[in-house]
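When the chains are written out, they are named A, B and C in that same order, and each has its own residue count from 1.
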Amino acid sequence: MSYEATFRVWRGDAEGGELTDFQVEVNDGEVVLDVVHRIQATQAPDLAVRWNCKAGKCGSCSAEINGRPRLMCMTRMSTLPPDETVTITPMRTFPVLRDLVTDVGFNYQKAREIPSFIPPQGVKPGEYRMQQEDVNRSQEFRKCIECFLCQNTCHVVRDHEENKPAFAGPRFLMRVAELDMHPLDAAADSGLDRKATAQEEHGLGYCNITKCCTEVCPEGIKITDNALIPLKERAVDRKYDPLVWLGSKIGLRRG
Amino acid sequence: MTTETRPPEAADSTGRGVHSPGRAAIAQRHLRLDRWWLPQVMTAAGLLLFIGYSTWRAFFGLHTSYAAPYVSPFYSPCLAANCPKMDGGADWALFGGWWSLSPALIVLIFPLGFRLTCYYYRKAYYRSFWSSPPACAVAEPHAKYSGETRFPLILQNIHRYFFYVAIPVAGILTWDAILGFRDPQGHWGHMGLGTLVLLVNVSLIWAYTASCHSCRHIVGGRLRHFSKHPVRYRMWTWVSKLNARHMQLAWASLFSVGLADLYVYLLASGAFSDPRFF
Amino acid sequence: MTEVERHGFDVVVVGAGGAGLRAAIEAREHGKRTAIICKSLFGKAHTVMAEGGIAASMGNVNDQDNWQVHFRDTMRGGKFLNHWRMAELHAKEAPERVWELETWGALFDRTKDGKISQRNFGGHEYPRLAHVGDRTGLELIRTLQQKVVSLQQEDFREHGDYEARIKVFQEYTVTRVLKDGDRVSGVFGYQRESGRFFVIEAPAVVLATGGIGKSFKVTSNSWEYTGDGHALALLAGASLINMEFVQFHPTGMVWPPSVKGILVTESVRGDGGVLRNSDGKRFMFEYIPDVFREKYAETEEEGDRWYQDQANNRRPPELLPRDEVARAINSEVKAGRGTPHGGVFLDVSTRLPAEEIRRRLPSMHHQFKELADVDITAEPMEVGPTCHYVMGGVEVDPDTASSCVPGLFAAGEVAGGMHGSNRLGGNSLSDLLVFGRRAGLHAAQYAEAAQEDRPLVEQEQIDAAAEEALAPFSAEGGENPYGLHQELQQSMNDLVGIIRREGEMEEALQRLAVLRERAVNAGVEGHRQFNPGWHLALDLRNMLLVSECVARAALEREESRGGHTREDHPTMAAEWRRVLLACSLADKPVPGEGAIVLQRKANPAIREDLLGLFGVDELKKYLTEDELPGAEADLPPQRADTDAEKKSENGAEH
């Protein structure tokens, strides 16, 4: 079964652009990316679009479909009404390069600002022992395919460009949580308090837990419930717990 | 592109948010076709309904707050001298006689604070009352945003202390429900529809309280090695299951509190008499 | 003079998959300034798609496992065509490479005693694949990516510059390796974003560009797999070996059409999934080849028992090496016992509880639900063969990963030899780490030695490369590159696919010659900024070169072995095992003729002590009389009797 659909695709670059209409054939079982490829192959060979795996595994094909941030390769045409125009725009939080391709460099910069895993002293390769229940939580966060849809949707930076320097975004706050929950991360021994820095350096306080990141995550990671809120609670342990506060005032540190 | 980034260009006064310079030039604030505003409107309606009702009851409900053997959850514990006499209940006049307003106002601070700082309700009212954001990928109207980084919203971080207080409050409500197994004269071993109402209410309150994110953190979430604390790990697993339903429990317990109070009001005002089971 | 963005580094790594990142980390740790170049975004290379796991004989689940057993499995899987030294190094070093990942933050699934859990996979005697659910490749690439970031953080602390010693150029495409005389002097390419050209001068270049699957129509590979590294090596004067061996993974999705080819991981079978034809029959029992007869179950009952008790039962034939399973499926479908969409059924729904399936195979569950509307916990999947991996690649020195061009190294899927005629599942990810590290190490040493006398980049070469890259903008006639690509894929799929015939391959070569001429006229519209049509037009050169290698070598090899099946020569011939087919660029390509010349090379003899790991009976199936151990020397036959072989198989002797 196939039908003609109207696609309205944003075309342009940083200088400006507009939504352009295409009439294009859609076949049974196709996803939005297939249709974009058909436009590319038959009508607009220079239509810029990023993709790789076409199986929801690499997180390259992020865009906004009818205003909703999604992976183009995982949005089946059958989930969209056939008689309505399908509007596709690039992600609207990052600077646009061309057509559907944006400059996601912001995310790579934030990734570099999160201190890496610190291996425990004196444990040799091959001697790492961890229980499954201890790695489950961090493993959930490591399912992240870095599609940056959560970063794109989070209103903290989407609606407030000026917050970009101060806010790491859900994906990278989740990275802090991942490392803080890693059973063998030795940050504390090296004097790095991931809980406190989440708040002080990576902008955890900007998050008002409105859960848009969770809503758009194609991997179904419970970013807010399992990473951000627990991280907020951990920051409270450090910063708003009177016992700890008192301890630090009189020069004691609780381990 | 290399992995290095250019610093964000100086914000232009002509556009902010999705209209900032450099971003794809799309005039619309959003392109969503679905009824994204509907959940917000429903949330706002639900919350307003409850706020309206509870304000009325808290200020003017003192005389209809007790219908033996049932006490309204809005008035328990009741901490002023002007409380009705509650046979076996928590009518402790800790505040003495100088308090002349409704005693509900004293104790409601705590459940109110608990819910006001609750992670779920925060989401609900930030979205529906403050449009921050109105819905995902829908531009918000505010020019500036600092989230929970500054006063007063930084105070949301004290949620866990409200959780600590919520436990004895739930304990008292449990006692109130147990007192419901008496007849209006105070003899034990009886039950009426009101007992059931209070029981359901207190179960939902407990479920809501136990599903709290702070609770989840305290029972086990703060641990790094679950394997070294098997009991706390099991508790954390249970709480996590409840926690996944925190939103539903928040609404269910909100309505059940209101209904339990309404039930007592109807009895106390004589609009209705309690069907007794035995 | 062409305007280009210029950089200077000690080592340039082309490719940011597992092999490239591991090489770059090693080169940087040896103090060399290292550049990583990749066509897509950092962290999105093809390696993210790997699902099943990394093979390493850590012996965490079955302590009988060790490198010798892994070596044996690898050689058997590759039908003894593998370069024995690569297989040896790989088997020995894989565990260290996996353990090292943990020190960089990787979180594998665990065993009860807290070690890395290992799972069963086709062709591996013991549970050997370290894994993370079915997203092992993602874990691998993320860990390496994060290690690169941690090195950058180190540099930031020391030099105040994250990119002082290791820099990633993402969305940069290399189109030429530059040379100074015989030696490599750097790379030339374009920036996808702006279309501007760049040159990176460096004495050592490591190719880690992955595979060639995009030359075939039905493939599990992404757009990146246009054989760039293979072609770059050819153009730089290196040779490719084993190009006739292309692995068709037995289980790709077959429906809906738009996802045809997407991989269904082998772990589905490793965890209990079975293959059935439209009659409901588990047909694999009929396709056990003689060489494997003793090692696979003969009845369904025995096969099923094996999942619980591996010591006393033989494995089910669903876990035969991939080439066998792919051919079996192909035959079933041809015989009219296929599913409505031309595949066979792969079923776990009746084999494991739904909860278990969701836990063990989360991304498969997700993939079928989202893309095909199939709930794999309740119904069978439809699967069929898909082009998956190329065993062939740059001919390299096993120890140093260097090609015959000084300064040019290759590792990962782009390198040849390690897997022989067929790769075992899980052996690629370990290959990436083992030889990625070696390539990085030796590239760093080579660059160190070249410090005194750094090769120079000639302007002429830059101009020529720029001219070549710009040609599509001025092409007359303007053939649509997308159309050309589709024709190429169709030809390769139909004529040089799973089952090959002489006449068809000759036809394929003719078609390729025509396509090559038409590709000269591939034209593009628009400008140079992020223009996919232009990118494809440039990739066509590479795909055509590589496809010709595949077709030419496949036509030459008159036997069937591993990933190369000839209908007209259906058996394996021991004589052919001694022959490697090497492709190199023809000096002066004649129009209408091929651009590739083929040369026969001797496959180096396997070291005596390694041969000793096999029983003579088994060796007889693969080797010629005079290659057998003791053929010249009059040694008593070692472990000739099957008893001894059985024993060693259980690992009792090691």
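Assume a residue touches a chain if its C-beta (ideal position, glycine included) is under 8 Å from a C-beta of that chain, and two chains touch if they have at least 3 such contacts.
Note that the structure is predicted; figures quoted are calculated from it, not measured.
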Most centrally placed chain - per-chain CA mean versus overall CA mean: A
Furthest chain, CA centroid comparison against chain B: C
Approximate Å spacing (C-alpha centroids) for the pair chain B, chain C: 56
Centroid distance [mean C-alpha coordinates] between chain C and chain A, Å: 30
Of all residues in chain A, the ones touching two or more other chains: 97, 103, 108, 112, 131
Multi-partner residues of chain C (each touching 2 or more other chains): 42, 162, 193
Chain B, residues touching no fewer than two other chains: 1-4
In the complex, chain C residues that touch chain A: 40-44, 46, 48-49, 58, 95-96, 99-100, 102-105, 107, 109-110, 113-115, 132-133, 135, 138-139, 142, 146-147, 149-150, 152-153, 156, 162, 193, 222-224, 255-259, 262-263, 363, 366-367, 370-372, 480-483, 524-527, 529-534
Contact footprint of chain C on chain A as seen in their complex: 13, 27-31, 34, 40-42, 45-60, 74, 76, 97-99, 101, 103-104, 108, 111-112, 115-117, 119, 125-126, 128-132, 135, 138-139, 142-146, 179, 182, 185, 220
Of chain B, residues touching chain A in the complex: 1-8, 11, 16-18, 20, 22-26, 30-34, 119, 122-123, 126-127, 132-133, 136-140, 142, 144-150, 153-154, 157-158, 160, 213-214, 216-217, 221-222, 224-227, 233, 243-244
List of chain A residues in touch with chain B within their complex: 10, 12, 14, 16-19, 64, 66-69, 84, 87, 89-90, 92-97, 102-103, 105-106, 108-109, 112, 131, 133-134, 153, 155-156, 158-165, 181, 183, 203, 205-212, 215-216, 225, 229-230, 232-237, 239-240
